[in-house]
Every structure is written in structure tokens, then in C-alpha cells.
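Several structures are given next for inspection.
In the two complexes that follow, chain A is the common piece, with chain B as its partner first and chain C second.
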Partner chain A sequence: MKIRLLIISVVLLTLSSGLIAQDNLSKQRKAAIDSLALEKVRDLSKYISIIGSKETPFSEANRVIERTLELFNDDAQMGVSSIYREEIKYYPVRKYLERLMALNYDKINITWYNIEYISDLELQPDGRYVGVITIYQRFEGTTEDGMVYKDTTKKDITVYVEKKQTQISGRLIDFWDVLLGDIRVAETEK
Partner chain B sequence: MIKKILFRSVIIMMVLSLAGGMSACKSKKKLAKEKEAAEYAAKVNTARQTLLDILNDNTTMSLEEKEAAVKSIKAMNLNDPEIDELIRQAEAKLAAERAALIKKGQEGQKTAEEAMVKPEAAATTALTTYFASIAGATSVSQANMQIAEALKMFSSPDVPVLVIISKENNVVDYDKPTTIKAYLNYLKDTKNNINKVDKITLDSTGKIKELELLKTY
Partner chain C sequence: MILLFAPFVSGAQSVGNFVDDESDLYASTKQVNQFFRRFNGEEDFKGERLYPEDKDYRNPELRKTYFSNLFNNDNGLISAGLKTEFINHSLDKKDPVFLEFLGGDWFAEVTTTFTYQGKDQFLTLFLQLEKDTVGSKWVISQVYFEPFAKVFADQDSLRKTGQKFLHPMSHELDFMNLIRVFDNKTSLEQYLAWKYRPDYLTLFVYEFKKGNLAFKTINKVKFHFFQVDGWYFELSDFNRKGYNTGWLISSLAKVSKDEKELLLKYIYHE
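Moving on to the complex of A and B:
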């Protein structure tokens, strides 16, 4: 019983010291991580625009899909809505991107704006920082016969930031890995 | 009578002989003095000529040889005011030449050091230009051409690229490491050219084998 208590205490102490170490980030370092996560979301907006654009060559779109997937957790899902239905469908990110590339429009224009935190990155018990960034997406699709579909969707993106280590040219490098989780639809309007 | 005459002759001859001997002794001393004076004069002349040649740059001697010559003349202690003055002038001239030589050596070293640094500086400039042109390309094909050109500066397309997001005291925070090919494509896709070259490491052939960028939000 005593041994078990001792082990639990050691584990808790180790975990808490690890958390303290990560939580001891100065304002400057925390701000740099906040900005890094925002930048990844902005990158995602560019990638989605490229994949959706009918002007993007097929090979380029496929390459960008692979780059986009590197931004996400493996099991992340993307919410998709329409002004014509209430239901919000969720797809694995790869499937969403492939569907986006194959959308039946002659011309597609997707822009993201008002990209900002609605929930700051906070240190979690597992050592990761988790926050939520909200974006507004303006979608415009024009069919061959000139019909235009437009909507604006507010989406919330869960962001995970974790400190990891890798070896580059024989030296150990500590880096911040930013991964995006589910993208949930908050509201959709014309 | 004859004996008397002989005795007197002998005495006279002895006196004459003595007188002659004394005269010869006197002449030898004089000669020695004259020889000494001549030797001194010769030394002074040679020293003067050597010093004048040094002062007028009329010699093929190296700086070290000139310094040794002046030192050797000084060691002779000729006690000639003219030579002493020439020695003073020559020493001043050679000191100035030595200082100039040291300065030149330092400048040469500096130039050599600059030449060592230059490849990294040139690579930084070229890379910065490529980053801007890739991010600013108006078409995919134009950007791809620039990427292909830029990749020639690297030892391989998989050269690691580290992006520093924060530097505080000795703590450096990095973004997730990437490769140069992926980074150049990133610039093409996002047009987000906000990272400046911070450090370049070249291989023995002068190609970039590691790149560190610094994020400038």
C-alpha cells in the first residue's frame, strides 16, 4: 500500500513538474506560440483556396492536399454546411479536401477572414496547449450556366500545440508542433 | 792611432744604428695610427653609405636585412655625430616600415576572413531574392522555375530547414522542422514570406546543407 502511494506520488510529482516547466513560458514565448498557431490556420485557408480553385492544376492540388493533411491530427474532421439544409455533415479531412477539389462548379472562390482566438491556448494536464480559433469562410461557386451559390460560414477550429524533440544533423532540436483538430460549423448564412 | 780610429768608428756606427732604430720605431707607430684612422674612416664611409642607401630606398635589402644592418652599425659605436644622426633617421624610417607591414598583414588577414564569410553572405542574398520571387510569382509555372533554380544552391532537396519562432536569452523555440523543397513550395502556396535567413551552413562544395530562418511577425 505504501509502495503504491509512493509510486503515485512520484508520478504526480513528475507530471506536475513537467507542467510547471511548460507553463513557465514567458509572455514573449507564449505570444510566439500563439502567433504560430494562428499562422497555421492562415496557411490552411490558403491551401483550401488553392484546392478549391478550378484554376489549380490537378497535380498541384494533390500536392497541396498532402501538405494540408500534415496540419491536422489524424482523426480530425471537417464540418460542412449548406444554406439549403440544416444538417451539418462531418468528413475526415482527406475526404473533405478530395470532395472540395471535385466540386461541380465552373469557378470557385473561397476566402477566410476574421481569423482569431475565441479561446486562448491553455496548458492541459497532458502537457499540450489547447485553444480554439474561429474563422469566417466566404464560399462562392459559379456553375457553367452562370448560377452562383454563396454562403458565409463561421467555423471553430480546435488547435493543439505540443513541444516535441527531433534530431537534425546530429543535434537535438526542441520544436513546437501545431496540429489542428476538428473544424466545427458554428453558423451558416447567405 | 789605428785602434783609436777603429774604436771611434764603432762608437759612431753604434750611435748611428741606435738613432736609425729609434726613427724606424717612430715611423711604425705613425703607420699604425694612420692605418687605424684609415680603417675608421672606411668604416664610417661604409656605414654612412649603407645608412644613406636605406634612407633613400636605394637598396634591395629586405626590411629584416635593413634592420640588422642598422643594428650592426649602431653596435660599432663609431662616435660620429653624422652617423649617429643617420642611425636615428634610419631607425625611425624602418619603424614606420615595420608598422606599415604589420597593418598590411592585419588588413590581409581581415580580407581573408571576409573572403571566408563571403560565401554565406552571398548565399543569404541569393536565397532572400529567391524567397521573394517565389512568394511573388504570378503563376505556378513561374514559381516552379524559381524553385528549381533555388534548389541548385542546396546539397539536396531534403536539406533541413529550421524556423526560429522565438529567441529569448539562451532559449530558442522552433517551428516543426521542414525541408527546403517543402519550404519553397510553402512560399509558393501561401505567399507568406516572413521568415528571414538567420544562419546558413555550407558543405565542402559550397552548397547549403542546413538552413535556419527567423520568423519576423
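Moving on to the complex of A and C:
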């Protein structure tokens, strides 16, 4: 009898999670998820600024790289292009961050424009929602002899949103988990 | 349009120790998603999503304002008259047109670089959105690759160069005359069914699986839209200074049903 009950509840749970995945997100739910996703993107922006800064000690930068990687899907990649080289060059996120840390400038200043554009969330076949958040970064690197390199890049960041459950005091509680995915980095005319 | 963004220009804030004018970034159509929203009047001037319950959702005046900056204004080939006709058609009071993300009749053309026979070569992938049991996904629907196209002779031009065929009584000879079909590589198509068309997608899959094609990079992306009845437009990304930037209509044409078929053939290199 106990086994039968268990099977029925597992089936019901599976059916209900399938239905949840197909539901459209309400305005309120979408707003809550947007702010959760933006929080992750702001964390990423903050970490990039720290990793790039020449004032950050090597060990601290490495620690922040590990923190940054926790924001991402394991297989996430950065696809980078410039104004003069439109084709995309691919880097695993770790390699991209390590290159940023090792850039050969005496001083680096990374700042962010106060604009964040959030796309709709679309349901994908594995039941997760996917969206893209666009932000703009300003980079300024100064060499020892005073030469300054500047660029502005548009970063289109993939955001995966997944409904998960956790057990608290014997009760199943739903929560939304946000992970970052591939990032398209394009130098822009600004 | 620029003035409409002015309140947000003054709102441009200092981030860290960096202050800059962001009005061009607000004006830019930063994502294809934003093109849909602006075309439909589904976001406010700050880029915030509007929902059906919001007052300005799909407001015709809002849409009209957006429309003025949804075209590549540097393209002299899109005449002001054609643009106005398209806008009026889309904003028709009785039957306004809205774009639908999952509404079909739009697809992507992606120029890529593949290594083939030791050389880097452009290969065009056509992708379309496909609904799945749950959600949706982009799938490769067609391919164009010049080295494939060069192998296949055009049936019409072949017919002009002279006729080669298996005569209608060949069956009585156990098709022994097939030997003539295969003695020359250039005339093989003359012996194929009239309706035969080479399928580059199958060839692409075959060559890729055989290890003869290796992906290198993406070069360019654009989109073709046939969602607005009687119209075609192309959407391209314009990365330049100013306010008329991002994903904009780069080509616009009125098309009948027959013209649509012709245009599709042209896009697919058929």
C-alpha cells in the first residue's frame, strides 16, 4: 500500500512539474525572476572589474575567478568580436577571465554603463527558461609609457532559469534558480 | 526620437568613476527581442516590458514613434513612400499587424566559416524556430555552400546543351546502357528525374559526419521576415555611432504570393 502511494505521488509530481514548465510566467513572477537574473549579472560585472584591476592581488583575483565560475553553466563560452574582426573568437569563461587578469597594462579601469536590457524568457525543450541580458562595459588600459587603449563592449549574457524544489522541515518548497550561460562580447562603436 | 530619450539621458549615472552619455544606447535596438517589442509597442522608452494590463501596451502612438527608428535610415533604397506605406499597413486601425516570436514566417541566415578540403570557406546556414513538446528551439533548415553548388549542373541549362537519356525500351536490355550514364561526370544530371533538386542539407550532414567539414566561426547574422502579409523585410545589425543603430530593417519590399516564392528561392540560392 505504501509503495502504491509513493508511486502515485511521484507520478503526480512529475505531471505537475511538466505543467509548470509549460505555463506562461505572470508579470509579477517575471519581474521577480528578472531581478534575480540581474543580481547575478551585477555580480558578474563586479567580479570582472575586480579581476581586471591591477590593484587586485594575484591570489585574490584567482579566488574571484572561482567565484565567477560558480555563476555559470559548466560549458559556458565567451564569443568575442571586434569592430575590425567581425568573426567570433571563442574562449571558455575561465580562459577569458585568466586573460583579463594577465592583460599587459600598467593600469586598467573597467566600468559599466547604467543600462541593462532584459529580453523575454522563452521556454526551451528541457523545461528551463532562457533569456538574454544586455549590458555595456567600458575598458580603459594604460601602459607604462602612458599609451591608453579604450573600448566599449556590448555583452549579451544568456540566463537560464529553472524551477527547483528543496525540502525544508519535511515540506517541498519551490524556488527559481538562475545560472549564466554563453556570453557574446562585441566591441561597439561608441 | 532623440528628444524622447532625453529624460533618460539626464538620468545617465556615474558607475564607479565613469560618466558618459547613454542616450545612444537607449535608442539602439539592442536585441532582436527588442525589435519585436518596439514593432509591437510592448515596451516603454526605458526599455521596460509592457504587459497587456498596462495602459500603453501596443499603443499606436507609441508604435508610430518607434517605427521611425526601426529602419536603417542610411539606406537610400528604402524610399520614404514605401516606408510610410508599410508603417500605415502595420498600424492599420481596424487590423493592426503584430509580430509573433513563435508565429513562423521568419528565419535566420547565418554566414559561417567552415574548413573544407583544407581551406576556410563561407557556408550559409538557414535556421528557423521549431516548437518542441515543451518550449521551442532554433533548428538548421537549409544550407548553402558554394563548393556543393558547383558540383551540380543546372537542369535547364543542361537540356539546352543537348539531350542524353536512357531510351524507353532500355528495360528490355536489362538496362545494359547504364554504362553510358556513368562514363562522364558532367552529364549525370541529364539522366535524373526532372523534379530532382540537390539537397545541400543532407550533403552538409554527410560531409560533417565524415570529418570533411569543420566549424570555425560565425561571420554574420541577419533575419528574413514574411510575417507581415504582402510584405518582406530583412533585419540586420548596425554597429555604428549615433541613434539609428542595432537591429534595424535593412531591406523592405511589397511582395505578392508568387513574388514571395521567387524571393525565397533567391534567398536560399535555389
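Note that in this section the second predicted complex is superposed on the first by the 139 of 190 C-alpha atoms of A that agree within 3 Å, B and C clash if a C-alpha of one lies under 4 Å from a C-alpha of the other, contacts with A are read in each partner's own complex, and residues count from 1 in each chain.
Just so it is clear, a residue touches a chain if its C-beta (ideal position, glycine included) is under 8 Å from a C-beta of that chain, and two chains touch if they have at least 3 such contacts.
The model shown is predicted, which means the values in this text are computed figures rather than measured ones.
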{"item": "Chain B versus chain C as contact partner of A:I83, first or second or both or neither", "value": "second"}
{"item": "Touched partner set for A:K150, first chain B, second chain C, both or neither", "value": "neither"}
{"item": "Which of chain B and chain C A:I173 touches, first, second, both or neither", "value": "first"}
{"item": "Touched partner set for A:K95, first chain B, second chain C, both or neither", "value": "neither"}
{"item": "Which of chain B and chain C A:A32 touches, first, second, both or neither", "value": "first"}
{"item": "Which superposed partner A:P57 touches (first chain B, second chain C, both, neither)", "value": "first"}
{"item": "Partner contacting more residues of chain A (chain B vs chain C)", "value": "C"}
{"item": "First (chain B), second (chain C), both or neither touched by A:Y47", "value": "first"}
{"item": "Which of chain B and chain C A:S119 touches, first, second, both or neither", "value": "second"}
{"item": "Residue ranges of chain B in contact with chain A within the complex", "value": "140, 160, 162, 165-166, 168, 171, 173-177, 182, 185-186, 189-192, 209-210, 215, 217"}
{"item": "Contact footprint of chain C on chain A as seen in their complex", "value": "18, 21-22, 27, 30, 49, 79, 83, 86-90, 109, 111-115, 117-120, 122-127, 132, 134, 136, 138, 154, 156, 186, 188-190"}
{"item": "For the chain C and chain A complex, residues of the former touching the latter", "value": "11-13, 15-18, 20, 22, 24-26, 30-31, 33-34, 47, 49, 51, 53, 101, 113, 132-137, 217-220, 239-241, 245"}
{"item": "Of chain A, residues touching chain B in the complex", "value": "26, 28-29, 32-33, 35-36, 39, 42-43, 46-47, 50, 56-57, 60, 63-64, 67, 164, 166, 168-169, 173-178"}
